[in-house]
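You will see chain A twice below: alongside chain B first, and alongside chain C after that.
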Partner chain A sequence: MKRRALVALLSHWKRHPLQAFALIAGLALATALWSGVQAINAEARASYDRAADVVGAPGLDRIEGPLDQQTYVALRRAGWPVSPVLEGDWQGLRLIGVDPLTAPPGNAVAVGDLEDPSAFLRPPGAVVVGPDTRIEAEVRLLRSEDVPAGVAYADIGIAQGLLGRPGAISYLVLTGPLPRGAAELGTVSPELARAPGGDGQSDVARLTDSFHLNLTAFGLLSAAVGIFIVYSAISLAFEQRRTVVRTLRALGVPLRDIVGLLAVELLGLALIAGAIGIALGYAIAAALLPDVAATLSGLYGADVPGAIRLRPVWWLSGLGIAILGTGLAATGAVLRLLRMPILETARPEAWRLRTQRTLRRMAVGGVLLLGLSAALGVAGQGLIAGFAMLASLLVGAALLLPLILDTILGLAAHPARAPLARWFWADGRQQVPGLSMALMALLLAMAANIGVSTMVSSFRLTFTGWLDQRLASELYVRAQDAGQAQDLVAWLEPRATAVLPIVSVETRIAGLPADIFGVADHPTYRDNWPLLSAVPGVWDRVAEGEGVLINEQLSRRLSLAPGDTLPEGERVLGIYSDYGNPAGQLLVGLETFRDRYPQVAARQFGVRVPPERAEALAQEITATFALGPDGVVDQAGIKAFSLRIFERTFTVTRALNVLTLAVAGFAILMSLLTLAGMRLPQLAPLWAMGVTTGRLARLELLRAVALAAVVAVLSLPLGLALAWVLLAVVNVEAFGWRLPMYLFWPDYVELWGWALVAAALAAAWPALRMARLQPGSLLRVFSQER
Partner chain B sequence: MTDTPLLRVSDLTKSFSDAGRRIDVLNGVSLHLDAGQSLALTGESGSGKSTLLHLIAGLEAPDDGVIEIGGLRTDTLDDAGRARLRRSDVGLVFQQFNLIPSLSVGDNIAFQAQLAGRYDGALVKTLADQIGVADQLGKYPEALSGGQQQRVAIARTLAARPKLVLADEPTGNLDEPRADAVLDMMLRIVRDTGTALVMVTHSRRLAERLDRVAHLSRGRIVA
Partner chain C sequence: MRFLVMICVMAAWPLGGLAQGFAGLGTDAEGFSVPRLGTEIVFPEDHGAHPEYRIEWWYLTSNLTGADGIEYGVQWTLFRSALAPEAGEGWSAPQIWMGHAALTTPDRHFVAERLARGGIGQAGVETAPFAAWIDEWRMAGTSDISDLSLTASAPDFAYDLDLVAEGPIVRHGENGYSVKSSEGQASYYYSQPFYRVEGTLNLPEGPVEVTGGAWLDREWSSQPLSENQSGWDWFSLVLDTGERLMAFRLRETDGGQFTSGTWIAPDGTASAFGDGALTATPLSTTRVAGRDVPVQWQVELPDRGLDVTVEAMNDQAWMETSVPYWEGPVRVRGSHGGRGYLEMTGYE
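Presenting the complex of A and B:
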C-alpha cells in the first residue's frame, strides 16, 4: 500500500519537472554557498592550527630577552623545563628551529612520522616543509602534511647554520610546570622576562576571526536566500497535491503514513540536492580560495594553501544544511496537510480575502520581529544577542515586504488612468503573494550585499586612514639584537630627523592579555595618533607619567573612559583605535616604560626623514646593516601593500555578492516560470480583448523589473541597518572594537542596476515564452470541458 | 439592414494536426449575418462551432476562405491586425474565465471600452444597472456568483459597443433560470444597440430564441 501511495505522490514531480528542478536547484545552491564558505573557513582554520602547532605550545609561557646557548643551559640547570626555538627568514620561508628532544609533546613536528626520521637529526640535517612548498635548497627536504605553507622547520642546530646565526635562540618555550625549588628567573639572568602564553587559539586564528565571521554570515544569508526558493517550490507542490492526499486518505491510507512518505520523499530530494550542492560548493571554494588565501596572507600574515581538501566537517555540514533547510521549508506545508479535513470541499477561498489575511499575518510577525530586534539592540548583550538581533531584523523586514509592496502598488495604481496601466498595477498586486518568496530572497540578497559591502568598505576606509595615523614615520627598522640596535641608532641619528624607539612587553591587565608600549614624546605621536577620546593635555600628561593611553578594545572590555583608573591603579588619559588587534594595549611614556622594564631594550624604531629621502635611506640602511628581510619597511610600501590586499578582499566579497544576487535572480526566474502556467486564465481575457501576447510579455517583463526596483529601494535601509548591526553590535561583541560607518552611494546605485538586470534576465525567459504563446494554448483556457 | 452584411464568411477551412495526424475541423463553411441579427451555432462536440467563432473573432487564422466584418476582410490580417480587430470591432464572451480577477467589477466593465477608446461612463452605469450589479462595482469578481460574473462579462463586451458580439457557450455554467436571464439581457441589448450576435450553444431551447440557427456537423453547416 505504502509503495503504491509513494508512487502516486512522486508522480507529481513527473508532471511538474520544473518544480522539481526549482526545488533541487534551490536547495543545491543554498548548500553550495553554505558549504563553499565553510570549506574556505575549514581550510584556513586547519592551516592556522597547524601553524600554531609548529610555533609550539599554545597556552605555554615563553622566556624572552637576550638569549644564547649559555643562558639556555643555565636555565635547564636551574630546573626550568624549557625548549629553545630559533626563528628566521630563509628562502622566503619562516624557518623554525626546534630541539626535538626537549620540544613540548604534540606540538613540534612529528619526527617519527617522517619518511626518514633520522635524517632530521643526522648531519648534514634536513628541513621539513609542507607538501606544496617549492624551494631549491642544498639541504635535504622532507615533506610533511603537518607543516603549513610558508613555514619550514629543522633541528635548531641546522637552523642556526642555515640562518647564519650560530648559537642564537629567539625564545624559550616553557614545556611544563616549574618544579619546586626552581631558581627565580632573575637570578639566572636579570634581563629575561617570562611572557604569558596564549589561550590555546593561535594569534593568527584570532586575528582572522573577523574575516571568517563575515564570510560565515554571508554564507548563512546566501543559504537563507536559497531556502526561500525551496520553500516556494515545496509550498506549491504540497498545495497542488492536496487532491492526491485527500484521495489517498479517502482510499484508506492513514495520514501519518502519508506524512511519513512525504518525509521520505523530501529526505531523498534533500540528499540529492545536498550532494549536488556540496560538489558546487567545492567548486566555489576552489575558485575563491586563492583570493581568500592571498587576503589572509596579506592582512594577517596567515598562510593558507591555495588548494582545498575534502574535509568531513564541511561536507557533513553541507548535507546538514540541505536537510535542515528542507525541513524548515516543509514544516508549514506539512502542518497545513495535517490540519486538512478529509472531506474538504474544493471551494476555493476568495483570493483577495486570503491574500489580505496572509499579508496581515506576515506583517504582524514582521513587526514583532523588528520589535524584538530593537529590544535586543537596547538590552541585549553578547555575540549571541547580536546575531539574534541580526536574524530578527532580516526575517522581520522580509515578512513585512509583501504588505509594503501591496501598499506601494495600490498607491501607484491610483493616478493610473489608462486601462492597461490600471490593470498593470492591479495585476502586480495580485502577483505579490506568488512572487513574495522570490522577492523576499531578492530583498535579503540585496540587503546582504549592501550590508557586507558597506562593512568591508567602511573597514577599508577606516583601516587605511588609521594606517596613515599609526604609520606616521616614514621608515620602520628592526634590529636583529640589542647590539645591532645601538649601532643602528648611532648611525641613524645624524641622518634622520628623528629616531623613535618602539618598545613593548606582554603583560596582563585585569587577567586579560595585553601589550604595553613605550613611546617617545614627539610630534609624530602628538599630531597623528588616532585618539578616539582623551583628557585635555593628554600627551603632556603621558610624557610626565601621569597615566596611560589604552586601546578601544581594553576600554570596552573594562568599561573604561578617560579619567577612569585601571585595576592596576593607572589613570586612563585617552583611548585610541587599534583595529585588527584582539588584545588590549597600553601606551605609556618612554621614560615611564624604561623605569618599569629596564631589561627591555629597543630593537625597533620609527625613523622620521623627509619623505623624498625615505627610499634612499632605506637602501643605505640595508646596505650598511645585515637586517632581516623585514628589517626596513617604508610607510608608503605598507600602505600600498594594504590597499592591494583590500582589493583581494573585495574580489572575494564581490564574488559572493554576485553569487547571492544570482541565487535571488534564480528564485525570481523559478517563481515566474511556476506562475506562468497558473497565470494563463488571468492573461487570456486580455489577449481575447485585443492585447497581443508580445505586449503582454513586455508588460510582464516591466512588472518584474518594477517589483525588483521597489525591492531594491527597500533593500537600502535594510542593508544599512544590517551594516550598522555588523559594525556597531556584532563586531564590538566579537572583537571589542567598533568601526565607523560610511556610505558608498555609487556602489549602491551599481548594485541596484545589477538587481534590475538580474530581475530582467529572470523575467526574460517567461516573457519570451509568453510572447511565443500559441493561440491554442490561450484558447484552451476558455474551452475547458468541451 | 444594409446591402453589405455585417459578417460574411465564405468557404472557410481550418485543420489542426494532432500527434502528426491532420484533423479537418472546418470544411468550407459559409454564412452571413446582418447588423441587429442574432445567430445560434449548434452542433455536437467537435463539430467545429467554437473554432468557427474563434476564426471570426481573429483569435486564430483560417487555412483558407474569406471573413469580412463590416465589409473589411479580416482573414488576411496579421497578428497585430487581428488584435486590433478584437479590441475595436468584436466583443467576446466565453463560458468561463472572462473577467480579470485583479480589477474591480466596475473596472472590468469599463476595461474593453477604454481599450477601444470608446469609454462612455453613462453607458457603463446603465449596463451595470441593467445587469443588477450597480451596487457591487467596487467588489472584485471573486465576490460575485457565476451568473453575476457572466453578466458582468457581457456588460463589458457591450460597453465597448462592438459591431459583433461572439459568445461561446455564455450560459454553459449557469442553471436554466439564470441562463434565461442572461440570454434575455443579451438579446435585448443587441437589439437596442444594433449589434449582431453569434452564439455557440449546445442548448436547442436557447438556440431557438435567436433569429437564426446554423447547425454544424463535421465542419460543415448542415442546417
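Presenting the complex of A and C:
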C-alpha cells in the first residue's frame, strides 16, 4: 500500500516535469554556489595549514629583533631552545631556510624523511618543493607532498647562500619549554623580544579569514536565492497534490505514512539535486580558483595551488545545504498538509488570495529585521556582526517587498478607469503572492549587484587616487646587496633629482605581523603621502624622531588616533591610508630607523627624476648594474601591477554576483511558468468576454515587466544601503580600511535595463504559450470548474 | 665504548654509504680515517675532536649519593658524527653533534637530548683549556681533564657537578686500540675512571647535594660493528676494593658473542682481556618501554676471581631519545661489592 501511495505521490512530478525541473535546478544551483565557495575556502585553508605545519609550527612563540648567527648561538648556549628560520624570495618562491637539527618536532622537512640528509645539509644542498612547483634553477630538487605551493625549503646554510644573505636569520622559533636556570632573554641580547605565536593559526590563515568570510557570505546569499526557487516549487507541488493526498487518506493511508512518504520523496530529490549541485560547484570552484589563488597571493602573499581536490568538508556541506534547504522550503507546506481536514474540498489554495494579514505579518517581520540591522550597525562589533547586519537588512527588505508591491499596485489601480486597465492592476495585485518569492529573489540579486558594484567601483576610484599619491617616485630600484646599493646611490646622485632610501624590517605590533619603514625627510613624502589625519607639523616631528605614522589598519585594530601611543611605546603622529595591505605598518624618520636598526642597510630606493627622463634612466641603470629581476620598476609598472591584483581580487565577487542575478531570473521564469497553467480560470472569463489570447499574452508580458520595474526601482535604495554597509562596516572589519562611497548612475541604469530584459525574457515563454492557447483549453475551464 | 648508540644514530639519520666491514687500510671508501694498531694516543690533543673519523664521544657516567644516603646516577654524553672527514666551518661543516643528559633516582629517570651543527659554535670540543659543549650543557676544565665542571639542564631537571681525577687515564685494549669484533673492527678508546665528584642535582622537588665518583669514556672510530652484531651490553664497575672493571659483550645475530674488558688496579694499571676471558649472563629481564631488557646480570672474570651479580638501581632507566637505549646506575654484589653503570642497546 505504501508503495502504491508513493507511486501516486510521485506521479505528480511526471505530470508536472517543469516543476520537477524547477525544484531540482533551484536546489542544484543553491548547492552548487554554496559548495563551490566552500571548496575554494577548503582548498585555501588546507594550503595554509600545510604551510603552517612546516616550520612556523602553529602556536610556537618566536624570538624577534635584530638577529644574526652569533645571537642565535649565544641564545642556544644560554639554554634557549630556539631554531633559526630564514625567509626570502627566491625564484618566485618563498624560500624558507631551516635547521633540521633544532627544528620543532613534527617539522615537515624532518631530515629523517629525506633519502640522503647529507645532500640536504651540505653544499651544494637541495631544495624541497611541493609536487607541482616548477622552477628553473641549478639546484638539486627534492619533492614532498607536505610542502605547499609557492614555498621551497632548504637547509638554512644553503638558503643563506641561495638568498645571498650569509649569516642572516629572519627569526627564531621557540621549540619547547625552557630548561631550568636558563638565562633571561635580555641578558643575552637586550634588543630581542619574545613574540607570542598566536592561537595556533598561521598568520596567513588569520589574515585571510575575512576574505574567506566574505566568500562564504556571498555563497550563502546565492544559496538563499536558490532556496527561494525551491520554496516556490515545493509549495506549488504540495498545493496541487492536495487532491491526491485527500484521496489517499480516504482510501485509508494514515496521514503519518503520507508525511513520511513525502519526506522520503523530498530527501531523494534533495540528494539527487545535491549531487548535481556538488558537481556544478566543483566546476565553479575549478573555474574561479585560479583567480582566488592569484588574489590571495597578491593580497596576502598566501600561496594556494590552482587545483581543487574533492574534500569531504565541502561536498558534505554541499549535501547538507541541499537537505537543509529542502527541509526549510518544505516545512511550511508539510505543516499545512498536516492541518488539512480530511473532508475539506481539495481546492488548490495557491490562487486563493492571501489575505492582507499575511502580507502585513511579513511586513512586520521585515520592519523588525530592519530594526535589528540598524541596531547591529550602531552597537555591533566584528565582522560577524557586520554580516549579520547585512543579512537582516536584505531579508528584512525582502519581507517588506510584497506589501510594498501590493500597495503600489493598489495605488496604480486608482486612476485606472477602463475595465481592462482596472483588471490589469487588480490581477497584478492578485499575482503578487504567487510571484513574491521570485520577486524577492530578484530584489536581493539586484540589490547585491548594486551594492557590490558600488563598493568595487568606489574602491577602485579611491585606490587609483591613492596609488598616485603613494607612488610618487618615478623609479624604484632594488640592489642585490649592500655593496651594490652604495655604488648605485653614488652613481644615481648626480643623475637624479633625489634618491630616497626605502628601508624596512618585519616586526610584531600587539602580536600581529607589521612592518616598520624608515623614510627620508623629503617633499616626495611631505606633499604626497596619503595622510588621513595627523598632528600639526607632522613631517617635522617625524623627521625629528618624536613619533611614528601608522597605517589605517593598525589604527583601527588598536583604536589609535594621532596623539595616542602604541603598545610598544611610540607616539602616533599621523595615520595614512594603506590599501591592499593586510598587515600593520609603521613609518619612522630615516634617522630614527638607522639608530634603531643599524644593521639594516638600504637596498631599495625611490628615485625622483623628471618624468620624461625616467625611462632613459631606467635603461641606463639596467645597463650599468647587474640588478636582479624587477631590479628597476617604474611607477607605471607598479601601478599596473597593483591594479591587476585589485581587479583579480574582485573577479570572484563579480562572478558570484552575475550568477546570483541569473538565478533570480530563472526563479521568475519558473514562477511564471508554474503560475501560467493555473491562471486559466482567471483568464477564461476575459477571453469569453472577447479579449483575444494575443492581447492577454501582451498584458501578461507587460505585467511581468512592470513588476520587475517596480522591484528594480526598489532595489536601488536597498543596494545603496548594502554598499554602505560593505564600505563602512564590513570592509573596516575585514580589511581595516574605510572607503568613501561614490555613486555610479550609468551602471545602475544598465543594471535596471538588464533586470527588465531578464523579466521580459522570463515572461516571454509563458506569454507565447498563452497567445497560442487553443480555445478548447479555455472552454474546458468552464465545463470543469469545481 | 658506546659503539652501537652512535651507529644507531647514524641509522636514524641515514647518513648514507656507511662502509660495512673493515677496510684494513688507513682510510675507508669515503676518505674517513680508520684506527690503526700502534698509533700513540697523545694528550691533550686527543681529548679534542677527531673530525677525520666518522664517530666519536665524550661519555661521562656518575654514581652519586645524597646526604640522606639515597643513591643517584648521572649521565652526560656528547656524540660527534661526521658526514665527511673534515672539520669545516659555518653551516656547511659536515660535523653533527648530539648531547644526551640523564638523571636517575631509585624511582625516576629524567632524560634530555640536544642536536646541533658543528661549524657555527653551537657545539664542539676545545682542548686548551678543555671544553666540550652543546648548547648550555658543558663539560670543561683543565687541559689534562683532571679537574672538570659538568652541567646540563632540561625543563624538569638539572645538575652541576665538580669532578677531580684521583688516578691516571687508562688506555683500553692494546695501548688504546680496542678491538670490537673477531673480524677486526676497532676503535681508539681510553677512560678516566677515577673522578671524585661533588655537586648539586636539581630535581623537581628541589636541590640535592651529592658526592660520589664518575667515569669518563673517550672513543672514536670510523667503523661500524660487524654486520652480524645486533646489540651491545657494556659495564663500568667501581669495586669496593678500589679496583675497576670495564667489560662489554657484543651480541651476534646467530647467538654468538664477542667479549672484551679491562681490569684496572687501584693505581690505574690496566690489564686487557680479549674475547672469551670474561662472561656476562642475563639473569632476569624486565619490561621497559615495550621491550624485555635484562636488568640483572652475572659477570664473571675467573682470572681475577670476580663473580658478581650486577643489578639495575632503577629498572626503568630507559633513554627515550632519537635512538632509544637503556643506560643506568647498577649495584654490584657477590665476590666483590660496588657500583657502576650499565648500557644496553639493540633490544627490540
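Heads up, the rule we're going with is that the second predicted complex is superposed on the first by the 522 of 786 C-alpha atoms of A that agree within 3 Å, B and C clash if a C-alpha of one lies under 4 Å from a C-alpha of the other, contacts with A are read in each partner's own complex, and residues count from 1 in each chain.
Everything that follows uses one rule, which is that a contact is a pair of C-beta atoms (placed from the backbone, for glycine too) under 8 Å apart; a residue touches a chain by one contact, two chains touch by 3 or more.
On a predicted model such as this, the values are computed, not experimentally measured, just so you know.
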Partner chain(s) touched by A:Pro312 [first = chain B, second = chain C, both, neither]: neither
Which superposed partner A:Gln160 touches (first chain B, second chain C, both, neither): second
Partner chain in contact with A:Gly690 - chain B first, chain C second, else both or neither: first
Which superposed partner A:Arg180 touches (first chain B, second chain C, both, neither): second
First (chain B), second (chain C), both or neither touched by A:Asp99: second
Touching partner for A:Pro536 - first (chain B), second (chain C), both, neither: neither
Which superposed partner A:Arg76 touches (first chain B, second chain C, both, neither): second
Those residues of chain A which chain B touches in one complex and chain C touches in the other: none
Chain A partner contacts - residues on chain B that touch it in the complex: 16, 45, 50, 54, 57, 59-60, 79-80, 83-88, 92, 94-103, 107, 110-112, 114-116, 140, 142-143, 168-169
For the chain C and chain A complex, residues of the former touching the latter: 12-16, 83-84, 90-92, 94, 96, 112, 115-117, 120-122, 133, 135-136, 153-158, 202
Residues of chain A that touch chain C when the two form their complex: 69-70, 72-73, 76-79, 99, 101-102, 111-112, 115-119, 121-123, 155-158, 160, 176-182
Residues on chain A engaged by chain B in the complex (per definition of touch): 350-352, 418-420, 422-423, 426-427, 429-430, 681-682, 684-692, 775-776, 778-779, 781-786
